[in-house]
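Below is the structure I would like to discuss, written out as structure tokens.
The letters A, B and C name the chains in turn, as written, and every chain counts its residues from 1.
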Amino acid sequence: MTANSLDAVSVDAGERPWLVALRRLIRRPGALIGLAVVIFFVVLALVSPLVSPYDPLATDWRAVRKPPSALHFFGTDDLGRDVLARLIWGARASLMAGLVSVSIALAVAVPLGLVSGYLGGVVDGLVMRMVDAMLAIPFLILAIALAAFLGPNLTNAMIAIGVAQTPIFTRLTRGQVLAVRHEDYIEAARAVGNPHRRILLRHILPNVLAPIIVQATLAIAGAIIAEAALSFLGLGQPPPAPSWGSMLYTASHFLSQAPWMAVWPGLAIFGLVLSFNLLGDGLRDALDPRRG
Amino acid sequence: MSTFLLRRLALVLPTLFFVSLLVFGLQQLLPGDAALALAGEERDPGVVAFLRHKYHLDEALPVRYVLWLKGVLSGDLGESIRIKRPVRDLILEKLPVTAELAVLAIVIALSIGLPMGILAAVKNDSAVDYAATMTALWGRSIPNFWLGILLILLFSVEWGLLPASGFVSPAESLSRNLATLIMPAFVLGNALAAVLMRHTRSAMLEVLSADYVRTARAKGLSEAQVVLHHALRNALVPVITLGALEFGELLSGAVLTEQVFTIPGFGKLIVDAVFNRDYAVVQGVVLCTAIAFILLNLIADFAYALVNPRLRG
Amino acid sequence: MINWRTLIATCLFGFTLSGGAAVAQTLRIGLAEDPDMLDPTLSRTFVSYVVRTALCDKLFDIGLEQEIVPQLASQWEWTDDKRGLVIKLRPGVKFHDGEPFDAVAAKFSIERHLTMPGSTRKSDISAISRVEIIDDHTAKLVMSTPFAPLLAQLATSAGTMMSPKAAQAAGENFGSHPVCAGPFKFVERVVQDRIVLERFADYWDKDKIKLDRIVYLPIPDTTVRLANLQSGGLDLTQVAATDLDTVRKDPRPKLAAVNGIGYSGITINVANGERSKTPFGQDARVRQALELSIDREALNQVVFNGEYQPGNQWVPPTNSYYDKERPIPARDIAKAKALLAAAAAPNPVVAMTVTNNPVVLQTAQVIQAMAKESGFDMRIQATEFASALQLSAKGDFEAFLLGWTGRIDPDGNIYNLITCNSPFNDGHYCSPEVDRELDAARGVEARVDRMFHYRIAAEHLLLDLPIIYLYHPKWLYAMSARLSGFTSYPDGLIRPQGLRLD
């Protein structure tokens, strides 16, 4: 017996797969770094009022577009606001953009995928054709059209991104349901007379969650970039509220005079997205029974 | 095989119908009055009324949908209200530009992603593997419009090596054409390179542990020959089919890249048209890309089915 | 054996090659956006106007002081109490297709502007009821009411002359290959990429034209446009006020600046629907308080590095129609607070609609911060341009931060924006006294007489404040050191006469 099937045996014997996965996750340095950075940004977002050196909305006419100095570590922006303060507070908007968008997508897609995969037939066919239609349109274009439709603000950007991500999750969930639908334990549950809802929630859902979680982590990364992209086009969080995407939008017009306005938000987005990607990759490897 | 083909084709039709509904709905339901937006600063009521009438903006939504669909089925995708040119002409003009950008991006992605993926698979779980994975992650995580702006600042403004924007057609001057496209293609390509690298790595890992590879090694073939001739050939199939599905991502990336580098392609056409409420343009272009994507999906499915007869059932 | 003929031919060939390549007279101009149509009758964008300046000549043009100068018309004379204008047309002028320019062509062009469906020029010259042909090179424009600004209107797109033969043949598609009588003729256009024009050999004023070709390149991103100029990809472009410092630091490009004719201001909803029923919309004192909270000089300094012109009327302070008795009020928070107290609205909430454009957003935020000190709670609502226009027309706004590109004649900056029921009086301000004065100003020609009426109108408008004027943009150009002979005009158009590349 190889080590892999030993693990498989221990799963069947009742050890929660989550603990197994967690153990594997901790052994991967990349995932740990990703997790650490994500936690750092989350904490930063939570305690921003405490650590921010200035009020992110405080304008100062005499300190417009000043380069980094002892007074302003990352410089000031086009209205004299401290870039570091806006960066710290902006973590909230970017994290929310990532988390809320994906939550919206999951809230719609997972039930839809479950039902569609379970019921099959005409319902499944219809749902999948609509999903295919949405997938046929490039993600950003769909998001742009939705955001323009709803109006430029952070909430609408999140809704737009969330809706644009729904088809991927629907297809993923449904695929997973199809894979386990005919497994023995499902057949057994049905034979015993369990109602469909119980089968879906108690038996099927826990077994399809793993790839969804992996995809969700990666999707958060994508959502953060998408929010920045929408803001860059003028469709995201409008001022004066701080968000990394809208900071990049304003900064792109002062690139040669005040490059620090663009560098830090860009690096922040890059850092946060990179860590979510690291975490997601780590989760994928940890939850994949083939990899050790 | 032919029933599989027919079945897949039959499924495409309802998808296309939904695509047309989605594309039309997204545009027409946008707030803001197109006639007002395109009537110019004077907003002459006569002009506004004329535009409304000419482009059927005063008719009910279902009527407009049917009119548009009728036009599409007969090859007429409508006209750009802003520039007064047929959408079909605009598409035919812009398509080669974005296509060339995409091809260059794919070439760059392959030249970065394939070797890195092979290397990572061969030296699995070593420092090289981790370094390659990190580099790939870098490509996926960096906001591409930001990267583009930084590249312009460096290569055009600071060093004056490459043009900051614009496009020169290859017919006019191949060298200048490549000079205008190299930066945007790199920006587009490095995200794709990351994806390709990951696919190549997993495919190669699968293949390298297969029986026929062990046989090749046992026969005494050099490692390089084993990797490049036997393993790679078989690993390429899933890589390419998966890569074809990244077409949508490529187009998404092209939207922003073309904005930053002012490349007159599809992406730029769509963004400007959305903001100008130039309905017909957005509808026509998105419909075309959707059809192309669906076709690519079909081809990928067939390729899978050819390799894996189990899937045909 | 040397073939002398081949040798000489080769030498001559080489000589012409080098001679031709010595001075490449192709000017590359950067534009802020891609023009819409190039049809003078249908086009709606300013950048299209810029391109058409090199392509199409008009009946009149303006000089540096905004005075009317002849272009395709050589002389003019008012008749019938300003209800008739007799124009003598310049002889020997040809269109790009070789057709002669005469009174028939002039009549055709004006009628096209007046009657073509979708014409955006109609409201500019709607006062013209008919065009009479007196002889081959004389035409008479007959007006229904006296209209002094007519000359200024004919110095804009509404006075553009087009070849009747080409326009009739192309109909609606004239814009894809316009045929006019300007110094350059149309070669090609690649949408969103470039527009190429080539010198017209038979131009009537050809001695002033030194360039062989002009290429217009639309590059919306100001940073990229500037980068192109600095790296040599462009020869001439307009720059944003905040880019001036960067350009100044670079020794290569040259700068030029001129006062523009437009303005930027806050349009207030005073009578258009439900949203006008706020203290801000109903009580002039609240609006005056807002005006007194704004330090226009500081605004100019912060947003435009001090490069633009602060203003408080519909024409800039340097304009001869500016009422010098009513200068820009200084910031006065105490007085603003007193006014708000008197109006019983110490903390008015004002929703300011702005379009999604970084400069406009920045301006709004500065105003928001300044107004806060007197007690205003200003909420900024960034809206996409197309939606904002519709909301404004419907009256779904309280304050709208908006600009007007400006017209040569002061009437063009005020009449259609403030008179009762005019097309873009979105705030629905209506004052019969103001209307009376503005109408009267249209009926007289002498500046002194018109100022008399404008002064009375200003007295009302600067107290009622349906629009709070903030500043007047300047036209700022950066150009390569190789370019000489550039003159900047107040209407922001790039005239090719005199331009040369060294």
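Keep this in mind: contacts are C-beta pairs under 8 Å (C-beta built on N, C-alpha and C of every residue); 3 or more make two chains touch, one makes a residue touch a chain.
Being a predicted model, the structure only gives us computed values, none of them experimental.
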Centre-most chain, if every chain is reduced to its averaged C-alpha atoms: B
Most distant chain from chain A by Cα centroid: C
Chain A and chain C, separation of their C-alpha mean positions in angstrom: 46
Whole-Å separation of chain centres (CA-atom averages), chain B against chain C: 39
Chain A-chain B separation of Cα centroids, rounded to whole Å: 22
Two or more partner chains touched - positions in chain B: 30-31, 149, 153, 157, 259, 275
Touching two or more other chains - residue numbers and ranges from chain A: 148, 151, 252, 255-256
Multi-chain contact sites of chain C, meaning residues that touch two or more partners: 221, 223, 227, 384, 387
Contacting residues of chain B [partner chain A, same complex]: 11, 14-19, 21-23, 26-27, 29-31, 130, 133-134, 137-138, 140-143, 145-146, 149-150, 153, 157, 248-249, 251-253, 255-256, 259, 270-271, 274-275, 282, 286, 289-291, 293-294, 297
Of all residues in chain B, those that touch chain C in their complex: 30-34, 36-47, 50-51, 54, 82-85, 90, 93-94, 149, 152-153, 156-157, 160, 163-167, 259-262, 264, 268-269, 272, 275-277
Chain C to chain B touching residues, read off their complex: 34, 36-37, 39, 42-45, 117-120, 122-124, 172-173, 175-176, 190-194, 217-221, 223-225, 227-228, 230-233, 384-390, 393, 404-405, 416, 423-424
In the complex, chain A residues that touch chain B: 29-30, 125-126, 129-130, 132-142, 144-146, 148-149, 151, 221, 225, 228-229, 232-233, 248, 252, 255-256, 259, 262, 266, 269-270, 273-274, 277-278, 281
Chain C - residues contacting chain A, complex: 221-223, 226-227, 240, 242-243, 245-246, 298, 301-302, 356-359, 361-362, 365-366, 368-369, 380-384, 387
